[in-house]
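Down below are the structures I want you to see.
Each of the two complexes below includes subunit A, the first together with subunit B, the second together with subunit C.
And now, the complex of A and B:
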């Protein structure tokens, strides 16, 4: 019984990280109509940056945020400027960002080699610490990641529904030309939003670097999970993505605890297929921007 | 049988015969043995790209699933031969059948849904490969993370030594795949698939059996990819999950077909020849690390710049193509820049491809500047307009 409850708790917490990894992809797909496969390598690249900065300057890994997050905002904004220059549709974006994904993956492999890397425990107090409630352990790194995911998901949802910028984003997502006619600059909105989405990926990378061992093949292993979360959550729906992340995390973790590790990817895939069959528009669609 | 079909089939037979006798020729002329290995690698990719194109190029459903079908083929043969002691040749058909069945299974799930858009289909196929990888890695009956040794697998004697056997097997299956792609391209099924690609709802309304045709395309794609995967398990020698289910196969088939052109069955064949040559030369020049970066960048550029692929352009400008190809080939041979035969061809291929990648507008202007009366050139009025615009 303890094993199951521990499995559920870890599932909820790791679900927060899944949601954080999926938020960027979901928003850029839902609002910008760009299926950005490069997000997977952004997450990994950010993880390696965090690893390198922590090691080179002997600082707390969470402090690297002040450098990494603005840097990735810039990368995301620049990428959107490029997409505007060449005018891509959803389909082309898939091929182009796949190319970018390949380039970044080989760069990572060239710079950091295929070795397993981990921030040493003397620099990383978050990796080993956990808070115990009863027999259930809450690892600190996952708690922080979960809190960040909740903050970003709720914050983005409020931003999209309450602010002028959010209204502009939704207007652009619905009808670009009409938004322009009402005085919204679709280009600027898209560039800022793209920067924000890569920031979320950068944060996800930070928590990946803090919580686990990193290696180049990691990015590829996220595809199944992130894609399931994005579809289940509904495109551009941030709270839905958070919910979906938790569902996928709990389901795959509980399955792994009860039926062995083989069942986790299968359960994830079954959730994806079920989502495609029964709720292709996502679990909570009311707030969706698209 | 129409004249053009007869011509194509004669050309097909000629290529098959030439390639069939190549290993004997190589021994007789004492050419480097590496040429045989290079050619069977090329034929592997020709088959993979052509089979991928049956679904994606003809029916317009973009698939990242090539790695999954290929991987099922590799693992079917590896498990049957490496773990259960089956003879290689007996296991081979099951590679194609298992992959084909998996393809049809996915097809039943995803094509029954009207709402499944192209993008979602693409990402679903992407997820399939990673789920299969995870299953193979965790299941002891398949791999269990230990890998399977295929080295020392007995090959029937009539196939010859290892590289000759690989050559013959890949040749037969590559020819079969390309022949299938050609026959589909010029058949009722092919026209139906093209109609689906252009507008699925209209095709459905006009009476194209949309579901059946898409299933046929996906099944054919998976079957041929799996079959060639089964052959390739020998070449891998030591089969591991990371080697089989990585991004390389889907990446290369996409790149080859986009480069060659996805609307014609010859496009992927040509693209496969170009990319295999290029990547082989980059690797042998010690640029293996850079080659993936170059290939990624190439994919970005091609997706943006080339709509119809180089094959159709080469066919339209075949005189220019032949001139550049043989000109560069003669030049490097005479100058003796590089003693290797493949390198000479690589220079010629790259020069021709780059020339064909020049945007159409530039070609029109060149033609217009020459007077605009050349074969297949633009009408005179347009040529004058362009000349005026330039001055």
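And now, the complex of A and C:
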């Protein structure tokens, strides 16, 4: 029973990290019609920045957020400006961002080499700290990541539904020309939203650096999970993405502790297939901006 | 709705196709740095610190071209970089000391992208188009296995390092520099178990977590289709209860379920038949749920990250060389270790000490050059015969005699090392233990 309880708790918490990793892609795909594969390398690049800043300045890895998040906002905004210049549509974006993904992977390997990197425990107490309730442990790094995912998902949902910017984003997502006719500047909206989605990648990268050993090939292992979460959650639906992250996390973790870790990827991809077959529009479609 | 669904199918299919194209089926990511093979001849670093050359003559004449691939990109690149740095030091030093057969040596190094098919194709090209004089093996079990078939087809002597599927290599002129013996699935676990029993308090229960990578599966369960050895059955033979036997995918990224199952089984000793950072990730996940077994072993870990892992103190592994006495009693080993340390630091590799990978890499180069010097020519058959007849004198592993009746393998020279006081020390067998170090293990702690 303890084993299953721990599996479910770990699944919920790791689901928060999955959601954090997926939020940027979901919004970018849903609202901007950009299938941003570079998102995966942004997460990894952020993890390396956090690693480097933590080591170079001997600071708490969470403090690096102050530098890394604004930096990635800028990167995301600039990328969107570039997309406007080359008139990227949904399918072109797949190819172009895949190119960016490859370039960034190579850049990371050139700068930090292909070796494994890890923030030492003297600078990173979060990796191994946990809070206990009975026999069930709640790892601190995953708790913080989960909290961040909830804040962002709910915050973005409110932003999209209750603010002028949110309405503008939804208008641009539905009909760019009509939005322009009503005085919305689609380019400006897209640039800001792209900056925000890249910030979410940066935050995800921070928690990856805190909790894992990083290496250039790591990003590829996220593709299956993140696409499952994004599709299950519904494009542009932040609360749906959080829900989907938790579902994927709990399902794969419970399967792993019940039938062994080899069953976890199987469950993840079964969820992806089921989502594509039965709910291609996502679990919570009504709030989707897509 | 139908269009919506169709579009999403298409996108997912395209994503999978792109990833497959980039990765060749592995969890690799890097393809853009792959330079055309013809343009990838390495230049030796000019600023690598070297010792004063002997009064040897400058090598003259046409360079001897030694071809090979390494995993310079892809998921094996972290370790491939170690082999690249070691090879560069070896070739530079060789040329400073008179070259090979009086001629300068040039290393034609290609990137196999960590992919066995790329490796095989590159060796085919090196031999048939580039017409290299000699070949040296790549890094990685799959790459070595596929390249060996090409070397065998053309009759090239094939020295190689750190291939784990020992039983699969029956080419008469292959020479492994990783002294695991032909049956590491028996000798490696027995070394560990003997060491545990030597403490007087062996474990009563043992747990296994096994990467589904072929080499670690071989160590854990023995050769497929035979009932010969394997860490799991050998533990059972000693009367230890196996309370956990868990296999995990090579691309595992969420370690919480693995940690939860280990905690649930609560073994006296945990055998991690993993590689790279598997052990680091498992230990971190166990620490996160506040669990730590009394003793742990990791088969082939990345030594640097494991040293930095909270909770890794006391974990054991196997090695063939460590930079402390008695291994460093030979001053030449100290000197070469220093050169390799510098080269690894220059290549920005965080863990710069010489251990299994670097030592095996150096040994493979020694096989090749000693065979050529011994045979007095670059005739492949003569070189192969010379090695089989004379063996090789190696810097890090001593004199080696190849045993054709054991597929050219020799005894398992592995030693047990352990992290103590934030560093790796050989602790067993006793005669190879670092000064004032011995195995620390007690299942009651």
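The rule we apply is simple: the second predicted complex is superposed on the first by the 290 of 290 C-alpha atoms of A that agree within 3 Å, B and C clash if a C-alpha of one lies under 4 Å from a C-alpha of the other, contacts with A are read in each partner's own complex, and residues count from 1 in each chain.
By definition in this document, a contact is a pair of C-beta atoms (placed from the backbone, for glycine too) under 8 Å apart; a residue touches a chain by one contact, two chains touch by 3 or more.
Just so it is clear, the model here is predicted, and its values are computed rather than measured.
After superposition onto subunit A, the modelled positions of subunit B and subunit C overlap sterically.
When the two complexes are overlaid on their common chain A, residue A:221 makes contact with subunit B and with subunit C alike. With both structures placed on the common chain, the touch criterion links A:92 to subunit B but leaves subunit C unconnected. Taking subunit B and subunit C in turn and counting the residues of subunit A each one touches, the greater count comes from C. Contacts of A:180 after superposition on the shared chain: neither subunit B nor subunit C is touched. Of the two partner chains placed around the shared chain by superposition, subunit C is the only one that A:118 touches, whereas subunit B remains out of contact.
Shared-chain residue A:7: touches subunit C; no touch with subunit B.
In the superposed model, A:102 makes contact with both subunit B and subunit C. Contacts of A:84 after superposition on the shared chain: neither subunit B nor subunit C is touched.
Look at A:231: by the touch rule set out above, it reaches both subunit B and subunit C. Applying the stated contact rule after C-alpha superposition, one finds that A:261 touches each of subunit B and subunit C. Clashing C-alpha atoms between subunit B and subunit C turn up only in stretch 237-245, chosen from 93-101, 183-191, 237-245 or 381-389, once the structures are aligned on chain A.
Where the contact sets of subunit A with subunit B and with subunit C meet, they give residues 35, 90-91, 94, 98, 101-103, 105-106, 109-110, 217, 220-221, 223, 227, 231, 260-262, 264-265, 272, 276, 280. Residues of subunit A touching subunit B in their complex: 35, 86, 88, 90-92, 94-96, 98-103, 105-107, 109-110, 217, 220-221, 223-224, 227-228, 231, 260-262, 264-266, 268-269, 272-273, 276-277, 280. Residues of subunit C touching subunit A in their complex: 1, 4-5, 8-9, 11-12, 14-15, 18-19, 22-23, 27-33, 73-75, 77-78, 80-81, 212, 246-249, 251-254, 256-258, 260-261, 263-264, 276-277, 280-281, 284, 287-290, 302, 304-305, 308-311, 347-351. Against subunit C, in their complex, subunit A makes its touches with residues 2-3, 6-7, 10-11, 13-14, 35, 37, 90-91, 94, 98, 101-103, 105-106, 109-110, 112-118, 120-121, 127-130, 132, 137, 139-142, 211-213, 215-223, 225, 227, 231, 249, 252-253, 256-257, 260-262, 264-265, 272, 276, 280-281.
Here subunit B touches subunit A in the complex through residues 62, 109-110, 113, 115-116, 118-120, 122-124, 126-128, 130-131, 134-135, 138-139, 242, 246-247, 251, 254, 258, 289, 292-293, 295-300, 303-304, going by the rule given at the top.
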